[in-house]
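Can you keep this structure in mind? I'll have questions shortly.
We call the chains A, B, C and D, going by the order they appear; numbering starts again at 1 in every chain.
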């Protein structure tokens, strides 16, 4: 197989980014082709690479990058089913996002740099996916971090965007520190940074500290993939443009963490403690985020919390030892979450607000954006996991994996012994996943109903609704004329994504379709989980609908013009208030870390200003005073100079005469 | 014995100093009168007014000694003496005849003469400044500038003769004189004599004390005896310059019967030169101040340098 | 007689003493006192031109001292250069800088007392040193040591090169003086009223003093 | 002649010159004081020349050179003084303080000026 093709996949977007940055100022007309074409070419190449590789194959190539004295760092390529599958997802989503962005950010003055950063982001994700070396992977990992910082802060004129970009950067970095150490320990234990070598070492049992390594790596995974307790940056990252959210949530940033764990699954299987931790993390994440999603009013925040929850699913699958189902879920989720975000962008574009309660007051929103209406419906059904959409199959695979793990016969698919996965982890994941399935269905239904089936009569005017207090700021408001329909570039990507949303899950039905690309083994849902999962989802839908009806009735009884019907409020009751603010995790962090840090900073500032600077100022003042004294002598009067000179000469003469 | 001899010579010089300038002054009166076709003073003393100068002296002595109110009295009073005394000292060393017929033989004769004559400038400056008069100050400054400018060509011309003679002693120079020195040193003689005229501020070089221009310059405020002293110093200057030119360039006592009549030759030549001085006064118009300075720096000094070169060449050639 | 002198030759220094000065020494002392007095008056008098004239006295006295030290030629050079030229130039300078007749109150600057202190200290040191060092030294004067002939011989036999170098120096000084004193109205900045002061705009305050130049310099003369 | 006489006279004369240089305000007077100092040196040179009976008369030759240099110095010095006087309308040494620190010297000069005038 030609090595140039897989190498070109990450290189093309990177080159496109460089070209876009270089020419963006002078030739803005070049920005669009430079943004779309390299990414699209990469996507095509990714397909070609996948086809060339075939199923069940893997490709390794490496060249030593630099001698380090310790384990070598090499520019290594590792292609197998996981990587080509995810690279397909990345290429698809990135291309669609770029195309979508040409319309979405049509009049943005910073579009060239934005597009270049998206390209770079994509290139970094490709690098992470294709890399066969942990250090090179880390490079892509960090490039993604900095790109996310810039992209989230795209609207840096607003306070929200600035703080959100900073927060995303700092929180992910916080996870990256243990991650870096984990890689070092792993490399040191395995004697190499090559992933194949590491995996070989793991299966041979040569790793000295598997628990330590796994826990350290989990820190980075939690940061990138937004798992509790480092998930807080992701909902805030909604301050960035919507296509960026789609990119981050679906294909690139958050997928990286899951992908890494899947990649290093044998290492994690060596430590049951780490799996339990991962399971607890996943459980807390998915339940908490689902509750939060039920309480959010901001459309994008709902989707963001939903992403967090779905990532919890994937983490749960990993904790159950089944990386196939995790990656299956990852790809499926990537497709429908990209669809949901792009749809949300269209809706927000049309509604001029992020707030779903404000949208509920718009009478003809449904008719204004029919594409979005239907696409959103498809995406939400997929999210709920109703058959036969993608979400159903992937969720079933996760539930199956958890069930197996709970019975002590985890589906490790050859990555490790089934006994490596503790039963506790399986139980935790299973219970949490079931609960989350219910909640997911509930908040999806709520979102759908509130956003598109609101009581139009309650809304006096669309413009006034946009200005409603409490509606989160939407920086995209002024970017297009609401009177005109959304451009085709914003509409047809939805349908492109809707197709795999509906059909991708079917690939897992036959063992020689998708599973053969992965580790092999079945991804078919079992009857028990199907009944449980679907039943729970239907229950959630019914509960939400009932609550919506109840809330609508209550609101109709009350005076018109008050808060619109929100089943979330009714369902959650007293918890609603906490859930709306993410259960106060931010506040907790603020109390635990931010404020002490700020206080320490203030202390340091005080020490620097008042104590250290006193010495500095004292030194300066001393020199000044000395200079003042010396300056007194410099009158410019030559005679006084001469007097001093002669007096000195006489004094010297006397001293010499007396001294000798 | 030695002291007595010195004293005697000094007294003799003093007598000469008091007599000769008067004679020159009287001559000037008469010569000018004749040249301008007028009578001149004719009554004082009888024959052609011979006592006119004496009468002038008496008149000056009788006049009130006025010192201007704003003047610096002491300097104002000393100035005439400072102007006069150098000429007296110079007269002391000018040899009149051979074999020690001289007031006082000084080893560095020319040098002494020029050095002492240089002091005379101080007198004019002091007078000009102390008078508290703008014209006086201007005149004094002009005098000083002129005297210092013309001292250089004078010195150079004298140096030429000293070079030719191989000595700076005045009697030595006269001793070494040969008749062909006159054409040889003619340029030097012209320079020396002209510069001497300028040193005396005699016409046509009398810009600093021109009465019609700056009302007698440094001497504006002087009256009576002090003014007479300035006049006397001018006439003494004529004697000195004429005498020095004689000694340096015209061979001094050389002439027929120089052993016995040497002093007569010296006197004759001196008087002839003094006559030329008077003659020039009547003949030439006054030079403007800038012309005067330019004449010194662009004519006399190059001429003197040329003479110096010529002397050097000839001197090397004949030795 | 001569044999007696030769016999006492070695004893001669002992015979000399301060108590039996020779005639030349007495004259030297008297003239020296006059010179010193004139010099002191010259540096202390408040009348500027008088100071120059007292300088003439001091320098003339020094010429006499040179004569007494048998440096005849140098004495005449002293008269020619110092009395005839330098002092005249100094008087020129004083008059061109408008020295007033009578006392100038600001002839001495503020650090007069420091100057006096330094001068006295230097005098004490030097005199102590010199007197201590040359207590027993006598000069044997011989006539003709500084005559014109002797001067010419040593000057043009041993000192020709420095002599020529000095001529170059004089030429340089001549050129320098001419360049400095040329009227350079076009190139020089216009005179300012006072010194440059920080914080004030330069240029505007200069105008009055430049247009009426005669008022400022005459002010000291009127003060008297 | 006793060597102490000319030596002490020269030393004293030199110190008088020093006083003049340091205490005089008018630049021309300062130059005069410099001449006094030079002459003191000349006297020393001549006296020591006679004392040492130098074969090449270094002392006298140096004296002649000193005199020449002094003449050149006074010529140049006066040219400078006149130039300064022409441009700054003053010949006072202690008012030519352009080299001093202006922010310090200016108020000082302003303070001493009227006082000097009043005296």
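In this text, contacts are C-beta pairs under 8 Å (C-beta built on N, C-alpha and C of every residue); 3 or more make two chains touch, one makes a residue touch a chain.
Everything numeric here is computed off the predicted structure, so don't read it as measured data.
Novice: Chain with the smallest distance from its CA centroid to the overall CA centroid?
Specialist: D
Novice: Weigh B-C against A-D on C-beta contact pairs and write down the one with more.
Specialist: Answer to which pair has more contacts is B-C.
Novice: Between subunit B and subunit C, what distance separates the C-alpha centroids? Give it in angstrom.
Specialist: About 29 Å separates the centre of subunit B from that of subunit C.
Novice: Counting only Cα atoms for the centres, state how far subunit A is from subunit D in Å.
Specialist: For subunit A versus subunit D, the centre distance works out to 88 Å.
Novice: Based only on mean CA positions, could you tell me how far subunit A sits from subunit C in angstrom?
Specialist: Computed from C-alpha means, the inter-chain centre distance equals 94 Å.
Novice: Using mean CA coordinates as chain centres, what's the subunit A-subunit B distance in Å?
Specialist: Chain centroid spacing, subunit A to subunit B, equals 116 Å.
Novice: Could you tell me which residues belong to subunit A and also touch two or more other chains?
Specialist: Only 637, 639, 643, 646 qualify.
Novice: If a residue has to touch 2 or more other chains to count, which residues of subunit C qualify?
Specialist: If we look for residues of subunit C contacting two or more partner chains, we find 73, 77, 85, 92, 96, 99, 109, 111, 114-115, 118, 122.
Novice: Within the complex, which stretch of subunit C touches subunit D?
Specialist: 16, 18, 21-22, 24-25, 28-29, 32, 35-36, 39-40, 42-43, 48, 51-52, 55, 58-59, 62, 65-66, 68-71, 73-74, 77-78, 81-82, 85-86, 89-90, 92-94, 96-97, 99, 104-112, 114-116, 118-120, 122-123, 126-127, 130-131, 134-135, 137-141, 145-146, 150-151, 154-155, 157-159, 162-163, 166, 169-170, 172-174, 176-177, 180-181, 188-189, 191-192, 194-199, 209, 213, 216-217, 223
Novice: Mind pulling up the subunit B residues that touch subunit C in the complex?
Specialist: 70-72, 74-75, 107-108, 111-112, 114-116, 118-119, 121-122, 125-126, 129-130, 132, 137, 140-141, 144-145, 148, 151, 168-169
Novice: Along subunit C, where are the residues that touch subunit A in the complex?
Specialist: Subunit C residues touching subunit A: 109, 111, 114-115, 117-118, 121-122, 125, 129.
Novice: Using the touch definition from the top, list the residues of subunit D that touch subunit C in their complex.
Specialist: It is residues 1-9, 11-29, 31-33, 35-36, 39, 42-43, 46-47, 49-51, 53, 56-57, 60-61, 63-65, 67-76, 78-83, 85-89, 91-95, 97-98, 102-103, 105-106, 109, 112, 116-117, 119 of subunit D that touch subunit C.
Novice: Can you list the residues on subunit A that touch subunit C in the complex?
Specialist: So the residues of subunit A in touch with subunit C come to 637, 639-640, 643, 646-647, 650, 653-654, 657.
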